[in-house]
Structure formats: C-alpha cells, structure tokens
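Data block below; observations after.
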C-alpha cells in the first residue's frame, strides 16, 4: 500500500466513531478504503457526549463532498442512526463489540431503525466490511473504484484457493503445525 | 380521577414518544402522574424523523420548568439517550415492545448508555412505572408528592392483601372461576 | 402513486426473495422505490432451492444495469450473502421474521458476514428501509433521486410534527380514542 | 478531587451492594458523586443473606436524609427491587456483570419490575452513570448540583472534541500507536 | 379427585404467588398436590408490593408446620429468593411467563441465586412440576407420599404407552384427525 | 401419493416423539418419507416418562432393521440424545417449538451433545427436513432412494422457478392479491 | 472442617456428574454437604456415554438409602432429567458452564423438564447451592440438619455484616486497596 | 493410530471449512474419521469468497465417490447450506465458535435451513461429533465401520467408568489434585 495515502485530500467517506476506544476496530475501515483508492477522513464524535458537533458534521457532510458515512459505536449505539437522521447520504453502521453482551446490544441498537431512516449495518466489529461496502456504493457510479472492488474480491478468492492448495499438498497436520 | 386533570398547566414532566403507535403504552405514564398530582405534557417527537425539533425540545425543557422527561421508543430506541445528551434534567427511558425480538432491542438500546449520559430505564413497556419514578424524583424535594407516592404504595399493598384474603376465604378454585 | 409505475422498464434495483411467503414483507421495498422514482424488478429465487439460477442472476446483474440488489430471506438466510459473493454491486439484506426465534436467526445469518463480502443489513422485516437505502445509494450519483430522498425525509418529519400538534391540541385521551 | 471528600458527613446518597466483590464496580458511583459534590455512604448489604438488615436500611433511609439510593447486584439481583419496595426514595439499580450470561441475568432481574415499584436501571456495571443520575435527581431541586452536572457534561464534551482534534492533527495511525 | 380436598387442614406446602394474574398457572401446583394427598394453602403475596407481610409469612412458615414453599412470580421475580432468604424450609421457584421476553426474565431472576440461598427452580410456568417436586421432598421422610409419587410416575408412563399403542394401531393419520 | 403407503412394512426409519402434542409437527417426517419411498414407523415414547421402554426401543432398533431414527421433542429435549446413546444408528433430532422461549430450549438441548454421541439436528420444528435427511442417509447406499432425493430437489427448484416466472409475468401486486 | 469427613459412610446424597471436567465445579456440593454434616458419595456417570450404568444407579439409589441426588452436566445436559425419570427421590440439577453459550444451553436443558418429571434446578455452576438445597430437603425431617442450615445462614449473614462494618470503618478506598 | 493414515486414498468424506482459522477445530473430524477407518479429504473453500469453486466441489462430490460432506463455518455460516443445495449427499454442518456471540450466530445460520435442504447440524465447534456422525452414516451400509462405531462407543463408556472407579477409590479431593 502506497504510504502517500489517498485519505488526505477531499475525503469521499467520513469514518466517525463514538470513542477513541473504538479506533482500533474502526481503523480497519480506513485501511481498506485506502487500499481501494477511496479517500476518507476519521473523526471521534459522540451523539451522547457531543450532540451538537455530531449533528453539525452530519448536516454538512454532503455539501462537503462526503458520499458515504461510516459510523461505529458500542452499547446503546445511537451514533449511526442519529447521523442518518440528518443527512441523505447513505450511512453504514458498525456495531462495536462491548465488554458485556458480546456486541448484541450494539448490533440491535444500530440495525433496528424505524421506517424512514435506514442504517446499512455490517457485522459486529466489521469495520473492514464497512469500508468495502462504502467502496461498492461509490463504485456504483465510479467504474475505477468498482474495478478495484472486483480486483479485491479476486485477491481474497486467490488467497482462499492458495490455502486450499497448500492444505492439499502438505496435509492438514503439517498445515496446523506451520500455522503455529 | 378528577377529569379536570392536573396535566394542562405548566407541566413538570414531559412525556415524549417516538411514534403515535407508542401512545397506548405511554398513556399509562400520563395517567399515573395525573393520579399522583404531577402535571405533564405529552409529545410525539422522533430522534430519527424529526431530529432538530427533538433537540430543541430537550434543550429548552429545563428553562420551561420541566423537571423530569419520560421518553419511550421501540427498536433502535435512540430517543431517550439523545434527549439525555442535551439536558441536565433526569431522563427516564421506556423500552416499548416491538413486533420482533420481544422488546429486547428496545431495552438494550436504551439502558446500555455510555459513561456520562445515563438514562433511568424501566421495564419493557413499563410506562406506569416511569410515571411513578418521575413522581418519586419530584418527591425528593416536594413533600406533597412524596406523600402521594407513599399513599399509592400503601394502596397497591392493600390491593394485594385484599386479594390474598379473598383467595383465603373463597379458595383458589372459586377465585379462578370468578375471575373469568 | 401513478399506476404506470416506474418499475417496469430497465430496472435499477433487483428485489430478490427466497420464497413467495416473503413477498408481503418485501413488497414494501418495491412500493417505496416506486415512490422514489427508482425502477426495480422483483424475483423469487433461492440459494438453497435454486442455487444455479440465483448465482446466474447475481453474476449478470451488473451488466444488466442493476445498481443495487435487495435480498430478503428468513431462517438460515443465505440469499443476501451468496448474491454478494458473486457481484460487486452493493447488496442490501432484509432479515425476514420467521415463525420461531423472532427473526434473530435471519438477522444473524445475514449481518455476520466474513471479511471481504459485506451485506448492508437493515432491521428485521425492514424492507421499506431497504428500499430507501437503495435510493440513497443511487442518489450518491443521481441528484434527482437524492432530492427525492430529502423530500421523503421532509415528508415523514412533517407527519411526526402533525401528529405532535394533534396530540397537543386534542390531548392524548381523545387521540387514543380516535385512533381506534 | 479534594481529598477532604464530600462523602463523610450526612450522606445524600446511599450506595448499597450485595457483595464486596461488587465494590470495584460500585466505587465508580462513589467517585463521581464525590466529584459532583454529592455526599454518599457505601454499604455492603444483601437481600438474600442479610434480609432484615437490608430492610431496616431501606425503611430508615428517608428519615436519615437519604435522597437517592443506588443499589448494585449481580445474578438474581433482588437488592434494588427489594429496597425500592420499602422506601419512597428513588432507587437506581446497577446490574453487575456476572461470571456467566454476561450480566443479562442481572439486568433483567433489576429492570423488569412489576407495576408500582420502579427501579431506575442503568447499563451493565454502569455505576458511574448511576452516580451521575443520582446527581441529576438531586439537581432537580439543588441548582448547585445541577450546575455541576452541566459542567461535567461540558467537560466530557471537551474531552471528545480534544480527541477528535488530535486524530485530525496527527492522523489515526499515529493516534493508535501513541495510545499503546 | 375427591372434592373433600386434602388442602383444607394444616397445610404442608405453601403456594405463594406475586399476583392473582399468576393464579391460573399456579393452580396446577395446588391440583397435583391435592392429587398426591399433600395438604397446601394458596396465598397472593408480593416482595415488591407487600414486603413486610411476605417476610412475615416466610419467617413463620416453618413453625406453622410448612415443610416446603412453592413461590411463583414473573419478570424481576424476587419472590422465591426473598422468601428463601428468610426460612430454612426448601423453596421451589416457578418462573411465570410474562408478556415480553417469553419468561426468560422470570427464569433468570429466580434461578441465578447467590451462594448460600438456593431456590429449587422448575421450568417456565412449570407449576405442576413444582407440586410434584414438593411431593418428592415430603416423600423423603413420608413413605405414603413417596408411594403416591411412584404411582403417579407409573400412571403417566402408562398414558404415554397407551398413546404409543394407539398410534401403532390406528396409524398417525387417523390419530391426528381424531385429536382434532 | 399412493394411499397404499410405504410405511406399513418393515420400517427403515423410526420416527419417535416425546408426546402426542408433537405429532402434528412430526407427521411431516412421515409424509415426506412416504413420498420418497422410504418405509417408516411412528412411535410416542419419552425419555422422561417411559425411560425403560424408550431405551429398549433404541437398543433393538438396529437388529429390527431400522437404519435411521428421527426423534422429536420440546423443552429439555433429552429424547434424541438418550436414543443416540443406546444405538450406533444415526439419530436425527427435531427440536419442537414450545410455548415459551420459541424453541431455543429445544434446539440447545438437542444440538449441544457431548463428544462421542452426535445427534444430527435440523431446524426448529423442521420434521420435513428430518425426513429428507433420513432419505439422503439411506440414499448413500440405496441408489433408488438417492435418485428420488435428486428428483425431489428438482421438483422444489421447479416450484421456485415457476413462482419466479409468475411474479415476473403478473407483477408482485397481482401476485400478492391472488395469494390471498 | 473435620478431615474425618462425613462423606465416607452410608451416603445420604449422591453427587453425579457427566464428566470429570465438571469435578472442580461439583466438588463445591461435596464440600458444603460435609460442612453441613450430610454424608455424600461422588460419581462420574453419563447419560450419553454410559447410559445403562447411569440408569442402574438411578434405579437403585432409593433402596441404597440415597435421599437426594445432585446431578451436574453441561451443554445438552440430559443427566439430571434422565436420573429423575428413574427414581422418586428429588433430583437437583446443576447446569455447568460450558465453553460456548455461557451455560445458557446447560440451564435450559435441565430446567425445562416436561410435566411429571421435575428437576430442582440451581444457578449456572451453582453446585454449592445444590448442596445447601440438599441439606434443606433432608432437614425437612431431620432437625439436626435443619439446625445446621440455620446456623450456616446465620454465618453468611454475619460475614456480610462484618464486611459492611469494615467498609464503614475504613472506607471503600482502603477496603478496595486491601482487597488486592 | 497408524501413521499410514486412512485419509490419503479415495476419500469417502469431504471435510470443508470456510477459513484456515477453522482448521484447528475441524481437524478433530479428520482425526476421528481416521481412527474409525474412514478415508477423508480436507479442503479450505468459502461460499462467500470462492463461490464458484465451492459450487463445483459440491456438484462433483458424489461422482467422485464422496458419501458424506462435513462443512464447518462461523458467523453468517452459509457454507454447509450452500453445499447442501448442490448435492444429494448428506451434509453435516459444524457451527464454529466466533469472536462475538459465542457461536450462536454460526449455529442459527446452519441449523435453521428451509424445507427441502437439510443440514445435519452438530454442536458448536463439535467437529469430532461430525466425524462420528459421518462414520455412523457410512456404517448404515458398511458393517465394518458400524462395528468400529460400536467399539468406539464402548471405549468412551469404559473411560467414563474408569474415571468413576478412580474417583470412588481415591476420593474427589485427591482426584482433583492429581488432575492439576
């Protein structure tokens, strides 16, 4: 990955999270977007602790050129929904796993939105998939990004098939030992 | 209950809900507050569908004299938490039972708030208890309301004991039949 | 809504479901897309019962001009993920509520995708939101649709505020009675 | 925080827990109350192991000047509800996470109270929020405490915004590294 | 069953429930105890609404000759545990199914007792089994009751085998039709 | 389906259930086996109420020519596992949906077997699939049955495709109306 | 505790477990029974791996003088129920926590017994409580044991009150530090 | 176990998994099949990342002589079902425990298959049982394998009884210490 990262200028995707304790999880979205050639910006905001600033970000995102917002939060995870309520840009929600309840609270708080205000929810702590989904959405009208998605999918397919070949060639016993 | 209800003038409690489909549940809060002599107002607002108006209500509540806010919502129930983020007034959350997941989604979305922004959560569809809790909170500094809480608790105790006496006197078989 | 619906020519969105028992739920996606002026097609396919035909549909969707696929299924709901594995087009998953487990099985089967293959999951039986989300995705590059999304959000806001005004004017007791 | 802590004289809040194994969690309530200038006392009682002493504490709390009781317990967590049954003072329940079931048992045992006897429940192991909520309740009639709540909310907002600024300035990669 | 029921004099088993809405479920315990020849009394008490009376009942049960207490409650079901905390008599808990959460809240509130104070929990709404278990406990030292338990088990075995024979003889198609 | 059903002579599959209340669900297994040309017998047995007779059935099944046993039960559903512990014949478990907990109890009681004694578990109330699975197992060595499985799968595929064609031809609006 | 333990001669309680991996948990039952002066025997049996031997144990328990059986198992935990089906002696079930699902599977497999065959279930991994419950059951007819139960309850009450006094005297800060 | 393992030539069982991170769990199936004398092959495939190759494997399995397929996957675990949709060979599903939700997502994604396409599901991470079940299925028509199953069951019974004897002889205290 080129260290002159795509993410510095005019971001296409906003990656927002409720706390810096979510950063390790949410960084996966920034990384994969970079790999796909999609520019992004990363913010720590909070519906519950900085509601006005969060609202302002959501309201201005579209005119600032943001095409997709990825929002991650844990527990009573209101961030993705409250951003979605203030913009027409698609919002992807990442339910971050919490200390209790295994992330089920985060998931239900994000996915069960009322009619009218969808959040495109990915799996628990699935920030990488959020980044790929943002790429797919941008790819709907940007053939260059769409092509990179196809290449990425091809790459992960090859990785699976290479592993399959290796387990066939050396046997699972050796594979398991080497993996350690 | 006196039909010249307490709830018309200068409300002390705001009862807010995300949808008029929650009104049948949430009306229990209004009723019990009326019975306790606490004035209230009832609103249909929505973090997700009318975010600015909801924010405005939360921000102005205290200066309007509101002492406690009761907020009920179902599913990804962001209403109580988003109100709590914009006021220093105690917010009581009522997780309304939804069509799927038996209200577990509503409960977790409301109770699992991040540090700094509590929501005083009651049981699923427990609007009556939300009203009583609001009365208890106001009763901390209002001996008249506190007395009514004590009388109310006395009343429900007597109801239980009267039922106990009845089952003792007529036996459970007869009690069951009469109940039908 | 004009009966010469948008949904007949060159569809932009494919709405796929695993069984015709899901049609009542999934029709909500078709209706709202129609209202937003997004063309769609509706199919009954099944990863488990017609795997080859489903795969063929997914593989050809993009070249046929499909920009977003909405896939709904219940239980061990493999349809959204298996379509997502065969296309670079964004796939929105609708977990349909089933007879047992309240749709939790459908939700987890759809949302918990492995890294590399996201499904944009909406709430249980949330087909309407799937339609709106598809509109938002198309709206990223189509200002006409984006404008309709904004108008739609404005409309539902006004509905909430109208209800709020009504409850204020006539009181919750009368509102509840009229609602019946 | 002034080491001549507020918590020694005439307590306004009683912090009660079922076992000293809950003390590490529950101490967060004592700390934040101290920070907010609310006096408190800390007790280890148990509905199940010392029922009479617990009942006595609940019955006398109000006349001793206690305005709010915070009760934390895990598993079949009867403590908050049983205290609530014996006082008109608002009771805040803290479901403490247990070794099995991730605290879901504690949460449901506390929040699902019958009509008439509410417990103001906070999130799993959310003792800090219990303390803040107690402060908000006392703040309803004590403007000094209410002001401290507002200052506290302002403080945590600034912390979020400072983190946001930092991640903007140094980038998430560096932020993540520094955090370790 | 002889209408001069065993349950009138000197009860051996106390059947206590938190609300008369539990009576239909809990009556199954009274019926089967009657069938087993164990005397019982039925009470409506409530840890949360009539705590002192409930405590008094628990404390006096043993000296009144009660050998086993069956306690049924729903939601945050504190009744069985709070009775168990005040007596050395074995307490059987019946988690009554509630309107939300399918009785999972009742079950966890009753079964997850802390070390030192067990409640012998039966299945959700399993009052009949509570009665049989009470019979088995009394049967430990009362051979007459123990013999009735054995006869009862023999009876239900014969019922199963009779149904098995019938399905063998007439086939499942006819069996299903007749059952309707 | 020929009324001279396959199920009368020398059964290849034993269909066992814990109660005749399970018969309506379990009959689906008998029906599909009949359609596949696999002979079966239907029994009402119970690990908990007729343990010795159930054990005897399991122990003798293989020498009586039974190749697969299908066992359905609800709640603490011990039947499939206890049969599996007494025979080397593959046992298919059907978790029958119960009045509380939506069949989750039945599912976990059947599927979570200890190492050494597997039960081939199908979905909640999935007796039809249990029958098909039994057919597939017998089809491993019986090409005639294996062929019928392939034909059956072909049939259900055609049904899906026919529905797909119909929805394409008449549109979903008309399809929905006709379905009512 | 006297090292000439009560548990060697003529056992009154049988403690049975499905695997020696359950022994660390189940030993708590043996210890407390010893402390209460109730003799016990400890066995490793398994409904699923040694069904005939387990059945034999259950059938002979009563005539061998066993008054209560404690059975612990994890996962699809059939042991308590299958023993209960073969004896009229009360059976106490201990759901042992497993590697996945936090013991919820064990709990539901044990507690949700069908009508006619109760298992007295205690909390997850609650073997100590199983022992105390066995003591309470024997205490119904053995005043010596009943007295020891009362003494034990008094002891744990005193422990709670001593801790409460300590936290009062030294303050929670010091208590927490000393505890480490 | 003979190091000239059975698993090299003409495999009877295909063991397929979605990721090499599942290999440590799934290897248990390969080991036990080897012990039972059933040949197997091990593959890393993925419905979501290598859909065409997975489909090809499923379609050709039967003509290549595969009699049973064991498929393991975690999260939205579509692999077992998607293989089952493309073959008439019995498919055994192994829900692999994931980082969040304790494997409940994997279990529901695999077991809740729609009518027509069963997957024989074993417990969470229960690969050993999947291997034994595959042996039992092959044993339906192969008396040599069936005999080995019986011998295996006899072996694990003896292990349980040996442990039981040991705990009887040396007592649980010593047994526990030695085990450490």
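Order of writing sets the labels: A, B, C, D, E, F, G and H. Residues in every chain begin at 1.
What we mean here is this: contacts are C-beta pairs under 8 Å (C-beta built on N, C-alpha and C of every residue); 3 or more make two chains touch, one makes a residue touch a chain.
These numbers were taken from a predicted model, which means no experiment stands behind them.
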- Query: Which neighbours do subunit E and subunit G have in common?
  - Reply: D, F
- Touching both subunit D and subunit E: give me those chains, sorted by label. B, G
- Item | Angle, in degrees to the nearest 5, of the Cα rotation that carries subunit C onto subunit F | 90
- Query: Across the interfaces A-C and B-E, which one involves more C-beta pairs in contact?
  - Reply: A-C
- Item | Residue-number overlap at the subunit C/subunit H interface, same or different (half cut) | same
- Message: Please identify which of C-F, D-E or A-C repeats the interface of E-G; the criterion is that more than half of the contact pairs agree.
- Response: A-C
- Message: Can you work out the whole-Å distance between the CA centroids of subunit A and subunit D?
- Response: 34
- Note on the structure: Whole-Å distance, C-alpha centre of subunit A to that of subunit B, is 37
- Length of the line joining the C-alpha centres of subunit A and subunit E, rounded to whole Å: 52
- Message: I need the residues of subunit G touching at least two other chains; which ones are they?
- Response: 19, 46, 49, 75-76, 101-102, 104, 111-113, 116-117, 119, 123-124, 153, 156
- Task: Write out all the pairs of touching chains, ordered by chain label.
- Result: A-B, A-C, A-D, A-H, B-C, B-D, B-E, C-F, C-H, D-E, D-G, E-F, E-G, F-G, F-H, G-H
- Item | subunit C residues touching subunit F - in the complex, by the definition given at the top | 19-20, 23-24, 27, 30, 41-46, 49-50, 53, 75-76, 99-102
- Given the complex, residues on subunit B that touch subunit A span 18-19, 46-49, 51, 55, 74-78, 81-82, 84-86, 98, 101, 104-105, 108-114, 116-117, 119
- subunit F-touching residues of subunit H, taken from the complex the two chains share: 67-68, 88-90, 92, 107, 111-113, 115-124, 126, 128-130, 132-133, 136-142, 146, 149-150, 152-153, 156
- Can you list the subunit C residues touching subunit B in their complex? 97, 102-104, 123-125, 153, 156-157, 159-161, 163-164, 167-168, 171-173, 175-176, 179
